[in-house]
Structures are given as structure tokens and as C-alpha cells.
Amino acid sequence: MIISIRSQADSDERAQLMALLCRVIDARQPITTTHVDGRDVIVLAGGALDEQSSVLLKQQSAVECLLALKTPYQLVSRAFKPEGSSIVVGKQTGGNPVTIGSERGAPVIIAGPCSVEGREQILANAAAVKAAGAHILRGGAFKPRTSPYQFHGLGLEGLELLAEARAATGLPVITEVMEPGMVETVAQYADILQIGSRNMQNYSLLQAAGRNSQQRPVMLKRGFAATIDEWLLAAEYVVAAGNPDVILCERGIRSFDTHTRNVLDLTCVPLLHELTHLPIIVDPSHATGRRELVPMMSRAAIAAGADGLILEAHLDPESAVSDGRQTITIERLQGIVRQTSMIARIMQESDIEQVA
Amino acid sequence: MIISIRSQADSDERAQLMALLCRVIDARQPITTTHVDGRDVIVLAGGALDEQSSVLLKQQSAVECLLALKTPYQLVSRAFKPEGSSIVVGKQTGGNPVTIGSERGAPVIIAGPCSVEGREQILANAAAVKAAGAHILRGGAFKPRTSPYQFHGLGLEGLELLAEARAATGLPVITEVMEPGMVETVAQYADILQIGSRNMQNYSLLQAAGRNSQQRPVMLKRGFAATIDEWLLAAEYVVAAGNPDVILCERGIRSFDTHTRNVLDLTCVPLLHELTHLPIIVDPSHATGRRELVPMMSRAAIAAGADGLILEAHLDPESAVSDGRQTITIERLQGIVRQTSMIARIMQESDIEQVA
Amino acid sequence: MIISIRSQADSDERAQLMALLCRVIDARQPITTTHVDGRDVIVLAGGALDEQSSVLLKQQSAVECLLALKTPYQLVSRAFKPEGSSIVVGKQTGGNPVTIGSERGAPVIIAGPCSVEGREQILANAAAVKAAGAHILRGGAFKPRTSPYQFHGLGLEGLELLAEARAATGLPVITEVMEPGMVETVAQYADILQIGSRNMQNYSLLQAAGRNSQQRPVMLKRGFAATIDEWLLAAEYVVAAGNPDVILCERGIRSFDTHTRNVLDLTCVPLLHELTHLPIIVDPSHATGRRELVPMMSRAAIAAGADGLILEAHLDPESAVSDGRQTITIERLQGIVRQTSMIARIMQESDIEQVA
Amino acid sequence: MIISIRSQADSDERAQLMALLCRVIDARQPITTTHVDGRDVIVLAGGALDEQSSVLLKQQSAVECLLALKTPYQLVSRAFKPEGSSIVVGKQTGGNPVTIGSERGAPVIIAGPCSVEGREQILANAAAVKAAGAHILRGGAFKPRTSPYQFHGLGLEGLELLAEARAATGLPVITEVMEPGMVETVAQYADILQIGSRNMQNYSLLQAAGRNSQQRPVMLKRGFAATIDEWLLAAEYVVAAGNPDVILCERGIRSFDTHTRNVLDLTCVPLLHELTHLPIIVDPSHATGRRELVPMMSRAAIAAGADGLILEAHLDPESAVSDGRQTITIERLQGIVRQTSMIARIMQESDIEQVA
């Protein structure tokens, strides 16, 4: 249950509310207080309180309204914010601002190499993806790798190069953060904090990202075997910790076939638009693991209603240190930008009702 | 390995070839002879023969050429027929002919109720889906049901009603056949024989459908946990039995989430266009199990390159005896027809290279 | 709901009951009548009727009792037969009778080669598995193969060789039947009809096996991606068609790892003992696909409460035409027989309560 | 490739070796140096070097031997330590020492409540599980929960209570650590650091656990959709960071059935004994999610060759704050201890060869 606090409520009124809450709920049930969309809210686990308690709560002068949701997630649910979230990135760091979600225009395209490999590489690729029509630059500075013996990225040097690429092109940058202790550092450089698939249920990391002092948005990739509800609850961790700006990213789920790396679950796109107000981005590069399949799946993602794409693109895919097999060329990127824009336009103009 | 026979080869030349074959291959290895695309061919399991045997074979006067493919499937592989298959349905039964596959025009739309429930119902729905723009009518006469205690369809009466609906509307009809002994009966009525997901590896049924005396095309739905290779090998069973006209239908694979019935694997669409010359149809109704998700996933399927859609549509979805939850209205069908045509047009006009 | 008919009820009383039933239930709801465990029963889909109808039914002179079960399966549910089923095989064909299920003694061991390859091979292997302690002989005469170009078994000749091996050793035999039209033929030779994983939802085959005139028991292998409920409903098809003697066989489910062919789901063993009265056999050969893992998984299966094992064993595994990789030697079979008997004995003597 | 360093090698010899290495391998390939089983070793990613480089390396005075393994994991592979690892826990903290792995005696039983809920609860339960025959006490102080609004454990207070329970009973304790910054704290209290399923690929956490200054062993639970290779590579992270004492714990993998929480993959037990020298523990409580299934699956796990079990047990399961549904009673625990010991004894005495 979500309790919205009146903005004019003073500290006495708030204290009185908390005192009441402690009486009416189970002692062990956590009370989560946070601030989203300009409101202070309190979230209680579970659905509704008994009627008597609800009446008492509503009478509190600090309370604006109560929202009893049946879903396990609360703040990220569509019912909490029917109009959908739109998240602006890049403003604070001097990049060209980009809006993700809600106002359906051309899809947001995030593109760039898998890893930041060096100054020249990232600057050249940043310029190239910008020219091809991308809006945000991606590039890994800290790389989670299945084996301890693989290349793990340039680290801090990679962050600095990303910031330099932003300064040069105006593209906001997104990069992955892998541990709570590095959140503040990465947030100083990046416009969006990416939390990877393997860390989707790394709750300490989610909470640290939720509290990042730069208020950087978080792109939360779906765990490769996470249910929709687990994913939304992971997003709820970030929001409950104080950061309402979460972007979901579908990147394929694990299955039994070996032709492609994962199975891209595009059905989750319209489903999520029903369930949550958060924007949804699709990553066909990691989902398929094969660059030939990326253009078709990019189109399909936008046709399914995705708010944007994240693509591994490189001036010379064969030379990429990691994930070259799934990296597209700049020409291919340009084609995807053009074609997905056209598909998005049709979908807006057409009279078919939006699913949400 | 595929051995194409010269059309002018006489029976002596053919006998000589067979005699040689029996000498050069393992006694237990089956030799499959069939007729596809106007050619007699012989298929041997496994990849290449040793060089000496290949040379001997090529010297045979009956041999036109040898094709050594590394894939386990042979006749359905793209390498055997790079130009892609297009399958014409409806000509022989007096329906309006429809071409599926290869020549990319507007997507082929197959629509109709889950089950044939009665004369009035099927005639009214046939007229409605035709008016909405569908090209082929679907409707179950024999229904495979998880429980022995559920409604199993009208059977023969259902087939007759489908034929009547075709006569009334001109729409060719597709319906499921569930056992080898019923193939000939169903083929007398239907324009396309549907083999369902549960029967994808029912080899006796595949072979019977491959030998149907009416040469009706077969739509082979993917088993709900079948790999791509298993699916193509199931199609190979039909083709090897003498029927080259197989249409593949992706209808979702089983996974761990419970929000939707299955996970629609759209990535298989461009992948299959690489691997096989057979057309690919997508069934978003069974994949999602929820009608709200059908329009978005229909658009996504066409954007991914599918040759068409099969949709459960009904004048009054709530009244449907089976699968009402995933059945769309006629208005919704009309919207899908319009929007998928627009997406298909963009994709043709646009300069992005086809994946295949 | 299950309605048991009094054995003394005459045809008038029965007709009166049916007339009443047709009035109280939905016209389209199928009424299934069958004979199990010496009783005539009627099964209605769904759970309970409304109270008034129940009262009316109970007053019918033909009715012995009503059993309203909440599970989708009815006749196979443990609630219908709490004491568990034990199935005797081999009596009618002159083999040494073997009892499967319920009376927990030494586990039943079914063993033999994957395929019947020839007279000498099957006779020698039958004698060998008997000497090693097996109770039933397995061997494929009709082999479902993923590719149309693989060895599909000796067919009828294979059936005759199995019968000869039974005559020579006294071992009852089990072999697979793949299509409804072959059920009667296979039932003339085999003591148990095996329905394979790919055919678990081949309903025509299930019904034909349920009606086989020799009343041969059926071993129903779990589909490689079938849920427990789907599996039990498939068994219900056989029982509802008139054959109460169904043995379930777990043989691994499909998952994402590639070290083993499937994931052996042993948890289903105690779970099924809760849900159904049918015996449960485990097949570690097909589940693992690797002979080194078979002994350990055989022991684990018995420790989990399985009623027996089905094992691919061969005098010379390397020479087997199919599945050699997962076939154990006769020595290894002997070790498994000995060790699983010891584990079964401990479990009986020990004071831990049975889960069922 | 693993390079073992001679223990007498001086720093000049080592420096010379490193200089050579930097010349012969790709500049970007990481060189990992660590100390395991009393030896300094260097691990290089990938398989073998070219022959010339190998010869040069072998001639280095610092080099004892080279071990070129084809597996992606190196230090955890069975080939590196064919005799198997046995890990002693509890010695340093004053608990009764317990040996896990390798010397096959009675299985190691780890038992206790899901969460530490309070002083009385943990002390009473610790005494009870000890009396029932358990060797190690489990109890969560920091609980990863799917929702941010659930009970997250007592934290530091929980750690102190666990230490008190150890002091009272002599049972070494295991508890979960969820973030790198807490590793040192948890290591001060716990005898074994547990890394949970959701954190299996939390590489920062794995490395921190690998470097814990108390040299506490790590129990690494399998990710719920992790392949065997990913799991072993996660273990390799810990070992490569300097901690050879890793215990693997199978706790079920995600699948499509909903009767049980997960599918317990017992086949991985004999498979892992082939692939790695690390001990393997099985957790039937989390795998099944249902207490009725725990005894049977405990027996099956030991029969499959597991080195021990971790079980949720409680004096009053119904009162447990978390996971009560899967928690067994103390009586049931006692039965499991007795029966699994008997099964383990049979397996040792019996003449069947060990799979490894």
C-alpha cells in the first residue's frame, strides 16, 4: 500500500502518522519512506490494511491519499502513475538532453562499442554513431565477464574516455556499474547507470544506485532468467531507495535452443506497458548474439512498442575486443535508425488503440 | 547429401545408380527417394561421402548434381532452394488462391475462431474475417485438448461447415489433423493441413501428411519446446515423404514466466529465413494467450520478417467455446491487417538489405 | 467429478441416471463412461456440480457414490485410489509375471538395448540382462528418430524377435508403439506398450492404447517439456479410454545446460506418489545421455522412491546402432541391481514415514 | 593454462618468468597470480600456448610445471587436483571442526532456521539440530528478498547471535553475505561465507570473498539458471582471488512446472565430481519449496554422491518468519540424518566403482 503525504504536512503531523502506522501494522513489517515525483510517500508491503486502520489513516492530516495495489511492486506499477514516466538524461552533464519514454516520438537509440578500448576507438566510434543517428553513447568501462581470466575493461580510465567522448559529441553516455562501492564514482561520469543482467537481484547494488547522489537514472537489464514480477520488484528496490528514474531493458532470456544466445522476449514490451509506467528499451545485440539478426529484431522491438534500443555498433566490428560477433556496422546502425523511425511513425498515426 | 536425378534418366540408368549407392554407403543407412520441385531426388543421411564415391556418383548418367549439406535437414535447407518457396493454396478447391512466402507483398492473414462451433457461427465469422481483410479462414474441427474431458470439436461436421464457409466466401480454409488415419479425410475438405504443436514430432502423422493424395500444403506448428533443428527435421519428414509445400508456424515456446502462456520467439523468423526456404507464419494468439497483446505482437512479427499471421478472431470473443481469452474482435483484426500491411510496405521500400 | 455405478444397477437404472445427467450438465460437456478396477464409472469434467444436482444424483439407484475432485485429472488421482496401483505384467504372454508399483519390494529393473538390431543381438542381450538381475526386457522395434534419414528399427521383425527373446528367457518385454494403427499389432507381441516422450500428447495414440484389445499396460514417458499436470492428464486419456494400467516414466526434461541431454527431475517421484496412484519408473539413460552418470542417478532415483528403472544396457555398448553413448555394460547393470536393492531395503526398514 | 612456481624460486627468478610471459602472450590477456594448496601459481586464460613459448617457459628456473587444460575453468578443475578437496571448517573459531568433501564418511549435515529471528529462537534451534545429528548450523542474518518490503534479517545482531549459538553448541556456523563491503564483517563471525543464488555472478562479491582476511571457506550456491560451466567459473573467481576453499551447493534450477519452486538437478552431482575437485552440497529445501518432498530428495542427493546437505529445519516450522513452507521439523531432520548415513555407508561398502 502506498500512502502519499501532503506536501504541506509539518513534522508533527508526520510523526503522528508514523506513530499510528507503528500501531496498526505488524511490528516486523518494514515501513519504507521515499520521495518520488515530487511527493513524499510511505510504502507498506502487502495489499490493503483492514478497513478500520484504513479509515484511521485517511483521517490523518498528513495523509493525502491511500493507494492499495494488489501487485507485489508498488511505486513502479502503472496504477501509481497512469500517464507513464518520461526520463530526461544528459542535462546535468552538458550532453544534449534526451527524453526516454512516454511521449512517443522517434525511438531512442543507444549505440556504441561493447567496451571502451582506448581513446581513439571511443572517440571515433562516438562520432560515428552520432552521425548515424544515435542519441546516447554506450561503452563498457567495467565489464562483468563469465571468466576471471577475460578482459575486464579499462576501469576509471574508461570512464574518463566516455566523458571525453560526451564532451566531443554531445551524446550522453551510459555505462555499467558492478558494485555498490563504485556507484558514486560511475555516477560522476555517466549519464545513466547500467545495472547488468547478472546483477538484477544484487540488492545492495540496486539500493546504492537508488541513492546515488547525482540522481542519475538507472537502466536495469532483465536477469536472464528473471520473471516479469522479479524484474519489477528489482526496479522497485531502486525507486524505493529514492530514485524514480528507472529504465527497463529486455535483453533476452535463457532457453534451450543454441542457434541464438538467448530468446528475445518481445511480448514483455506491451505487457510491461500495461504493468508499469517505466520506459522499456530492448537490446537485440545481447539477446541474439548474432549481428545478422539485429536489424530485424530492432524493427520488431519498435513495432512491439519499445521506447528505444540499445545496440552494439562499431566502426570495425571484427576488431572489437569483446562481443564482435553481435556488433553491427555503422551503416547497419544508420539503416536501423531510419527504419525504426518510420515504423514508430506509422504506429503513432495509425488508428489502432495503444495497448496500455 | 542430396542427389538430383536427370529428368531424362531412364529406368536402367536409375537402377544402375541405386546399385552403385548400395555399394558405397553403409548397408543400414536409409536411402530416401522423393520428388520435389519437379525433380526426382535421393537423400542420404549425413554429410559428404568420401571423395572416391563422390566421383563415381557424379559419373553416373542418371545424376544431375550432388549437393553435400552440413545441416542435418536437407530438402528444407535454404541451400537447396536459395530463391525461397512460395506456396499457392486454394486453387484446387475453388477458393480464391493465396500465395504464401517468397514474393513479399502484404502479409498473409489467416483468421477465424478457435473452433467450428456450428453453421451460423462459422459462416458469420468467415464473412466477418473476410471483410476485415483476412485471406484464409481458420477453424478447428478436431481439437487436441489437454484433458480428455474437454470439448474436442465437431469432427466431420466441422469439416463440412468449413467447406461451406469457403464456398460462401472464397476463403481457403485451414484446419488441424491429429492422426494419420484422418489425413485423407481432412485433405478432402481443407486447403491446408495444420499439424499442431503437440504433434510436431508425431512422425507417422508427418509422413501421412507428406503423402496426402490431394497434395495439400501442411502448416507445421513448432513444438512448444522444440529446437529450431528439430522443427526443421520435422518439416523434412513431410518433404521427404513427397510433399514440398510446408509452411512453418511459430506459436511460442515454454518458459518460466506465468504472465503469458508462452514466450513468442520472434528471433526465429529471420533465423529461419537464413536456414530454410520455407515460409514462416506467426501465431501471436496462442503464444501470448492474451488478446490485449495480440496487436502489438502481430506488428512485431511482420517487422521481424514473417510471411503472415494466424489469428484467433471472433465476432463475439467472450462467447467462444475455447480460447476466448486470446481471441480478438473483428475490429481489432481489421486494425492489424491495415497496420501490418503498412509495416510490410516500409520494409520493402526501405533500403536495408534483407537478412537472408 | 467421478460417479461410481453400483455393479447391480440394471440398464433401466443406468438409463435413468444418464437422462438425469444430460439435464443437469451443460449440453456441450462430454460425459465419459469407463470401467476401472472392476467398477463402471462416469467422469464429468470440472469439479463439483451445484448442490441440488448432487443431491438428485445421489438419490439415483444406479449411483454408488460421487467423488468430487479438485484436480483436472480424476481417475489417475491418488484420491480415487488411495492404496496405490500395482500392475502385473507378463502373465498372459507366458513370461515370468512381474508386479510394478505399490508393494514396495526390490525395484523393478527394465533393461536391454536401445534397438532390436538382429536375432543374435537381442537373444544374447536378453540372456545377459536376465543374468544381471533385470526383470523385464526393453528393445525398440519402431524407433522415433529426430531425422527422417536415421535408422527407424526393424519393425515387425523386431517384434517377433522380442517375443522370441521372451520365450527364451521368461522376461516380459516392453517396446514402443508410435501410431494408433499399430497398437493392436504391437499389443500382440509386447507385454507393455511404451508411449514415447514425443507422443505424450498424441491423443489418438493414447486413446488407441487405452482401448487395446489385449489389455496391455501402457508405460507413458513424460514429454520432455510437459508439466506434471499435463502428464497426468495424458495418463487420464489412457485410463478414461478403458485401460487402468498405466505406468509413468520420468526421462528428463529440457533445460539450458548442454553437459547432459536433459535434466532428470527426480523431485517428481515423491510428488507423483502424492498426486497419483500410478507407479513411477525412472529412465536415467535418456535423461543423462551419458553412461558414466547412469549408476549414480539410478541409485538416486530409487532413493527418491521410484518403483523401478528402465536402463539401456548392452553386451557391447560401443557397437549399438543407436544411443551407445548412454548405454551401460552388463557388469554395470549388475552393480546397479545390487545397489538399488540395498537402498530400497534400507528405505523400507527405516522408520522414516513414507511421503505418500 | 596453469603455471606452478617452484617454492624455492627467488624473486629474481620470478621476475624473469613474468618478463618472459609478458613477451609471449597477448598484451591484453590478464595474468592471474595466486596461491593455492601451498603453491604459487600463475593462470593464463585460454588453453595451450604455442609450442615454442611452452618450451621457453618450461626452461625457466622458476617454473615447476605447466598444466594446459581445455576447460574454461582452471584451478577448480579435477585435472588440477585429481584427489579431490576436503575443506575443514570451524577450527579457528572454536567450533567442533567438520571436514567437507573427499574423505567419504557420513554426509555433512548443515541445518537450522531460514532466518535468525531472535536469541531464544536461534539458541533453541541450534541445540535441537545438534541433538538431531547436524554438524553445522545455518541461519540468515542478512536475507536477500525479492521485494524491498520484506523482512531483511537482523543484520549484525543476527551475526552475534550465531556466534553465541556456536559457543553454546560447538556447531560451526554458515550465513550469507550479500555485498563486498560486508565480507570482512561476516567473516569475523561465520565459519563459512554463503554466497546466494542471486549473487552467483556478482563478481565483486566473489572476489571479495576470495580475499577475505580470515580465510573463511565459501559456499557458492548455483544461480537458478546458471550452467555448470558458469558455476565453475564463478567458483574460479573465488579461488583465483586466493581462496581455495569453495563448496558448491546445488539448490534447484528454474523451469516451467509450478508444483515445486525449482527443479533439483541431482545429475549435476556426479557430473561435478568428474569436472571439479570441489565438494558438493545439496539444498533440497530451496529446490523443492515443500517440506514433504525434503526427506526423499535428501536421500536421493546422498545416493547421487553429494558430500552433504543443507536443510531448513525448525522446532516450530509454522512459526518461521520466512520459508516456513519448506522447513522440516527436528524429528524429520533426525530421520534424514539416520537414513542418509545408511545410504552413504552402503555406497562405500558396495563394489560399484565411483564415477569419478
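Read from first to last, the chains carry the letters A, B, C and D; within each, the first residue is number 1.
As a working rule, a contact is a pair of C-beta atoms (placed from the backbone, for glycine too) under 8 Å apart; a residue touches a chain by one contact, two chains touch by 3 or more.
Just so you know, these numbers come straight off a predicted model, no measurement behind them.
Centroid analysis (C-alpha atoms only) places D farthest from subunit B. Chain pair with the larger contact count among B-C and B-D is B-C, by C-beta pairs in contact.
Subunit C has its Cα centroid 33 Å from the Cα centroid of subunit B. For the pair subunit A and subunit B, the distance between C-alpha centroids works out to 39 Å. Between subunit B and subunit D the centroid-to-centroid distance comes to 49 Å (mean Cα coordinates, whole Å). Multi-chain contact residues, meaning those touching two or more other chains, occur in subunit A at positions 225, 229, 254-256, 258. Listing the residues of subunit B that touch subunit C in their complex gives 28-30, 32, 43-46, 72-74, 144-152, 178-181, 198-199, 201-205, 207, 224-225, 229-230, 233, 236-237, 240-241, 254, 321.
Those residues of subunit D that touch subunit B in the shared complex are 254-256, 258. Touching subunit A in their complex are the following residues of subunit B: 225, 227-229, 253, 255-260, 263-267, 269-271, 274, 287-288, 292-293, 295-297, 299-305, 332, 335-336, 338-339, 342-343, 346-347, 350-353, 355.
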